[in-house]
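In the two assemblies presented below, chain A is common to both, partnered first by chain B and then by chain C.
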Partner chain A sequence: MIAATPEVAKERRKPQKINVRILRQDAPGKPQYWERHQVDYEPDMNVISVLQKVAAQSKTSDGSAVAPVSWDCGCLEEVCGSCTMVINGRVRQSCSALVDRLLEQAPEEIELRPMNKFPVVRDLMVDRSRLFRALQRVKAWVPVDGYYDMGAGPKISRDDQERDYPLSQCMSCGCCLDACPQFTKIELQRQPNESEDDLKKRRNEAYDEGFVGPHAISQAMLFNSNPVGKNMADERLEALMAPGGIQACGNAQNCVSVCPKQIPLTTSIARAGRAVTVYALKKIFDR
Partner chain B sequence: MTSAQPSSSIGSFLHRNDFLVRRLHSLSGLVPVGAYMTVHLLVNASILNGAAAFQKNVNAIHDLGAILPVVEWTFIFLPIIFHAVVGIWIASSGKSNTAQYSFTGNRRYSMQRLTGYLAFIFIFVHVFHLHGWFHAQWWLSNVAEPLGMAQFRPYSAASTLAAAMTGFVWPIFYAAGIIACCYHLANGIWTAGITWGVWLTPAAQKRATVACTVFGVALTVVGLSALGGVKTTNIKEAEAVETAIYESRVQTGEIKPNEHKRAGDHHEPKLPVPEIGQVIEAAPISGNN
Partner chain C sequence: MANRVVVIGGGLAGLAATMKLAELGAPVDMISLTPVKRSHSVCAQGGINSVSDLTRQEGDNEWTHFDDTIYGGDFLQHQPPVKEMSFWAPKVIDLMDRLGVTFNRTPEGFIDRRRFGGTLYRRTAFAGATTGQQLLYALDEQVRRRESEGLVKKYEFWDFLGPMLDDNGRCVGAVAQDMVSMEIRSFPADAVVVATGGCGLVYGRSTMSVFCTGSAASRCFQAGGKYGNAEFIQVHPTAIPGADKLRLMSESARGEGGRVWVPRRPNDSRYPKDIPESERYYFLEERFPKYGNLVPRDIATRQIFNVCVNEGLSVDPTRLCVYLDLTHIPRAELDRKLGGILEIYEKFQGVDPREEPMKIFPAVHYSMGGLWVDYEKSADGGLLPGSPKNQMTNIPGLYAIGECDYQYHGANRLGANSLLSCIFSGLFSAPGIINWMKSNKSVASMSSTIFERAVAKQQDRHKALLSGNGGSENPYLIHQELGDIMTRSATVVRENTQLTEAYAKVLELQERSKRCALSDTGNWSNQNVIFTKSVQDMIPVALTILKGALQRDECRGAHFKEAFAQNSLTAEDPIERRRQAEEWCDDFEKNNKQFLKSSVATFDGTEPDVQYEDVDTSLIPPRPRLYGLVGAEVIEEVWKERSVAKSLDQPKASTSEKQLVSV
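So, the complex of A and B:
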């Protein structure tokens, strides 16, 4: 009787090996190609520990030796966002993607792809600088211009705290951007004789024309609610109304569905929509 | 590689004035286009009350007389063309990914674009089919009518509609067009509520979804019943009613005689009327379906 508990039955079904399919790319602008790997199963693995085994073996499932696979990670506890990739078709953090859970959904194989909307640096590593550029565009910070002790800040009401705290949990991972149908990939190739600085300048100009993205809209709302951050509220709204601003959102609401921090992005988007409506009318009639 | 670089100069103009253009697009979808479409379907559904009731409503519109084309172009055609052109530009600026992410919101996003394209085709053909787009004589007799278009005659409203809707190809086309437009408007009201910041929280957006669904379903029922009303109209009886109304209005001096606005004027041979079956056979519109 005891031997037949579901736990034990599940334990018996644990595989010996895990199959992994990885979409690789040797360098920026190079073609992508699939590669299959097989690693030993261990209890309680996450995708990072699978990747560590894959890299240590550096051998495909049919035995040919390959270069170690590259990926990014940092905190290993879903707070830095750097390990984001597309796992079994869904964008998420690889550190918090547990292998046992993935195998329950699809026992045959784990599929790993780099994020769709950012330029690939190598294999599963992408360049998310556009995401940070967007935060600069909307001035997602509190302006403080010195080290003086300014005394205690203004009180923030309980309601405002409850509205704003969830927004402050954004870890700049880019899941929302990767899933957004209105956020399309911008990737520039270095031109012959172009310096790193020139390329960066050209890249930033291209990024500044593109959609800022839901994360930046949400951060703009967060800092526009902050008692000190408010001082730059109009500048943030101007940034949201500039080309590629909030108006580029098409209300697909994928962003809110994939955000690992469950940030109410579509509420932020609607709040920003309301704020720019009011601001635009003010600009017309308050002159 | 970059999708941010607008390719054409129109594209770059639209991009530089992104915010204004998108807000005008949203507004134009609601008023006048959405509001007009709602009224249009309601008026059409009055055909269910008979040819006389329908004729009265059509008369009320056509009593605008000489300024009707101005009203049509400023409040209906131009806003639709603006909304449609910008809509196609918007639709081409995104990249649907419903295969990867099959969330309801994402499906609605794709459907909004798909129904936009369908509405574009439908409205273009529908206006040509019944209205003709332009009422200049050379256009009507050299282009529209030889193609079997410009079928509607305002003083023979129900009968010309019924004659234009014989067979099953046109009615199916109209049913599909009505359903697409109603979905597009109902879902568009929901997205516009987010665009302008009317419903903010997920709970509010859910309630708005319910309200928009009710509106959309109701409008679809109205639109399809209008189509049903047209299909069940007896052409011969309708013509008799319309002739009586026409003659009495001419007699009281309310309108000037105008055979162009009545059935059969441009058509040779004239509509023979006796049997309904024959009307369908002999009607000169048969060339197009």
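So, the complex of A and C:
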């Protein structure tokens, strides 16, 4: 085996225990606090399996019993977008954060924090409803007549498919939003006697004024290039021209560098910028 | 007030049903453990099957797709629903195409197809190697569109606790719990649709997502719903072992030419690429020349298991695995057609599968069994569109669709048929649900005591768990033990002593699970109590799997008991061989009389009772599955002669049936 020697060397460095430092918060509006946990090392671990052990033992490294750490996860293979958190300072999926790699970077401990730009529900769980709301805002769907059998859709060239497929892999994980300087946290507290529906309404109104985000801009471009989706292109461009639309982008390019699916978000943003300009000019001349 | 439907689960099946119900004008409440866009359907990789204009010209048709599915499932499915699904398949793909799914394309712009297991035709449409994700997103987008129009309301991060039944046993809604505020409330509804997927977590680690506990189906089972064919659990031949999960390596890797092999010499420590062709054992290709690497999953799984466990040819000294080799295929082609799954391998294993063969081993993947559901047969042997009976469980008004029903895949599912059965059952059931609601009294007029009673029952369970009842059991460890027991006793090879022991152990776990001490007794986003409930509810399903497996003394599809296997013919002499083949066919017929039956379980609060129901085989008469058996050709010959003799004996079938059979 070619890699035999370095592997042996790596084996020797494997620790018995892993230290984890977790930024916890019991509920919205409550203070955040750090807590240390220690779990047994096993080969091929990821941050999910560390958190599973943390939940099973429910004890801090100094032995005091605590409630298990809350976090969100789903597929564990980086296609569902659930398990986003900030790991050693970088926003990413915790399933694909392999412990061996993290320890190579920082052998002392692994640091876990919730995402920065979304309201914390508890510990590492955040409320990302704003992210889905943005998909409604840009009408990210193909406006088909209905779901009866009407035969096949239009032919699509291979080039078009290869342009669109990467965009359609967006799993709404929120990494791009967390890394974006223009995307700032919107957190509303329930007011006395406010119903769940009223709170949701108020929240959506606030979301609709904030920056829509790179993921939604990219989805708008995806549907604007679909042969039937583009029938609603103007409506999507209107949404991108509104406050919190494309002009809010500061071109920091953080989004594309943190996207776990390497979606060409900045290309989408550039496309959207051009399309909005053309559309705005057209509107002036058509007046 | 319009009739409301509650749909539990937002994977392909739940979304397809919701979208169609909304189109037909019914308001829908969707209840899901997770934002529906994150449902487990996203993990489906390889593709979705249907006959296409191209395969048709190669001799394929809907009937052949139907036949492949039935034969692949070892004849354990009722045939009318499967027939209907196969004939609908091209329409399903057309619809998904219109909804904007980014299917791979041929140079001219048609949907490209690849070959999958258990068929000789290239029927499978795909979007890279993330087909499930792409299909799910298209449906999610349509449901979001309906949501913005106000017809769909989503309750995400809500846990379904059980159906609500009125005094006549009709389902009149659901009880669910907000996983953040922990509020328990009722959702009165004129029909409830359960679309909650498989039960892989009963096995601890599997290819399934963390949501796939089977507890939603179990809650319906415990409320009186029947559970069918529980013992049929698909173990996928190719997965990547991991500490938290066994990650799927799609069948499409073999569909695109991937080859499975081991070195012929045990413990050969050479780097795989240094092992010359002649010293490699391509065991699937050698043993199954016709299907090669694309034999059905149950067959491939047992072969890989066997090569590692019994023949000692595992390619890794520390664990069991074989090579799945793609390195002979050009890099650009791999990236275009399999990019998604190769990235998964690379990300989680740190090895580039374009350069070095992957190491894979079988893993629990799919539940063929699930909630028992009904159907109404049409004159042409398919399903009657719009019948309220289609997909309805034995609890009136409670429907089950997708992986959590038992209907489409029999004893073994063919690759790329699950996405089809999910979307099909969702779309097809919707008009029947509308008709059910039209012909029944609306729940809006019902007394609220039924709903209050149902909520109170769940609140009692919740409070009892939080108070701990003086127990000291750790739910996470109980889950681990359950997974270990199930993985050892009820996967690839099953054996009666082991199953009996496992059953007794799971009964012990059941007792212990009632004495869990929670490490979180709070009432805000308490994942500990949600998990504990799901572990408790995995146990009825686990017991049903074990009991079904124990009682089924035969081999069928994914269910394999060495002691009851029908073996290869041994005689060389043609006359003796012929005699053995006759005997083989006698045994086969005798076995079918006893076991060509679906297991149907009911639950009495502690243990399942497993009874049997006849399978509707009116369209395709059962025949032996002979993959890789020595003497298969002689057995086939004998079987054909018997079938011809039988059809001459029988009174003439009606014209329509005859036409179907001769297609």
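Please note the rule applied: the second predicted complex is superposed on the first by the 283 of 287 C-alpha atoms of A that agree within 3 Å, B and C clash if a C-alpha of one lies under 4 Å from a C-alpha of the other, contacts with A are read in each partner's own complex, and residues count from 1 in each chain.
Following the convention adopted for this analysis, a residue touches a chain if its C-beta (ideal position, glycine included) is under 8 Å from a C-beta of that chain, and two chains touch if they have at least 3 such contacts.
This one's a predicted model, so the numbers in the text were calculated from it and none came from an experiment.
Superposition of the two structures on chain A shows chain C fitting alongside chain B with no clash. Once the two complexes are laid over each other on the shared chain, residue contacts for A:Gln32 go to neither chain B nor chain C. In the superposed model, A:Tyr165 makes contact with chain C only, not with chain B. Once the two complexes are laid over each other on the shared chain, residue contacts for A:Ser96 go to chain C alone; chain B is not touched.
Set against each other, chain B and chain C differ in how many residues of chain A they touch, and the higher count belongs to C.
In the superposition on chain A, A:Gln52 makes contact with chain C only, while chain B stays out of contact range. In the superposition on chain A, contact of A:Cys75 is made with chain C only, not with chain B. Shared-chain residue A:Asn231: touches no atom of chain B or chain C. Angle at chain A (Cα centre) between the Cα centres of chain B and chain C in the superposed arrangement: 160°, in steps of 10. Once both complexes are placed on a shared chain A, the shortest Cα to Cα gap between chain B and chain C comes to 20 Å.
No residue of chain A lies in contact with both chain B in one complex and chain C in the other.
Those residues of chain A lying in contact with chain C across their complex are 1-2, 26-27, 42-46, 48-49, 52, 55-56, 58, 65-68, 70, 72-82, 95-96, 98, 121-122, 125, 128, 132, 135-136, 139-144, 146-147, 149-153, 155-158, 161-162, 164-165, 168-169, 171-172, 223, 226, 228-229. The residues of chain B lying in touch with chain A in their complex are 1-5, 15-16, 18-19, 22-23, 90, 93-97, 100-101, 103, 105-106, 108-110, 112, 191, 193-202, 205.
Chain A meets chain B in the complex at residues 89-90, 179, 181-182, 184-189, 206-207, 209-210, 241-248, 250-254, 256-258, 264, 266-267, 269-277, 280.
Listing the residues of chain C that touch chain A in their complex gives 19-20, 23, 34-35, 37-40, 42-43, 91, 93-95, 97-100, 102-111, 127-128, 130, 133-134, 137-138, 141-142, 144-145, 147-148, 180, 209-211, 242-245, 247-248, 269, 271, 336, 340, 344, 347-348, 350, 427, 474, 476-477, 519-520, 522, 524-525, 527-528.
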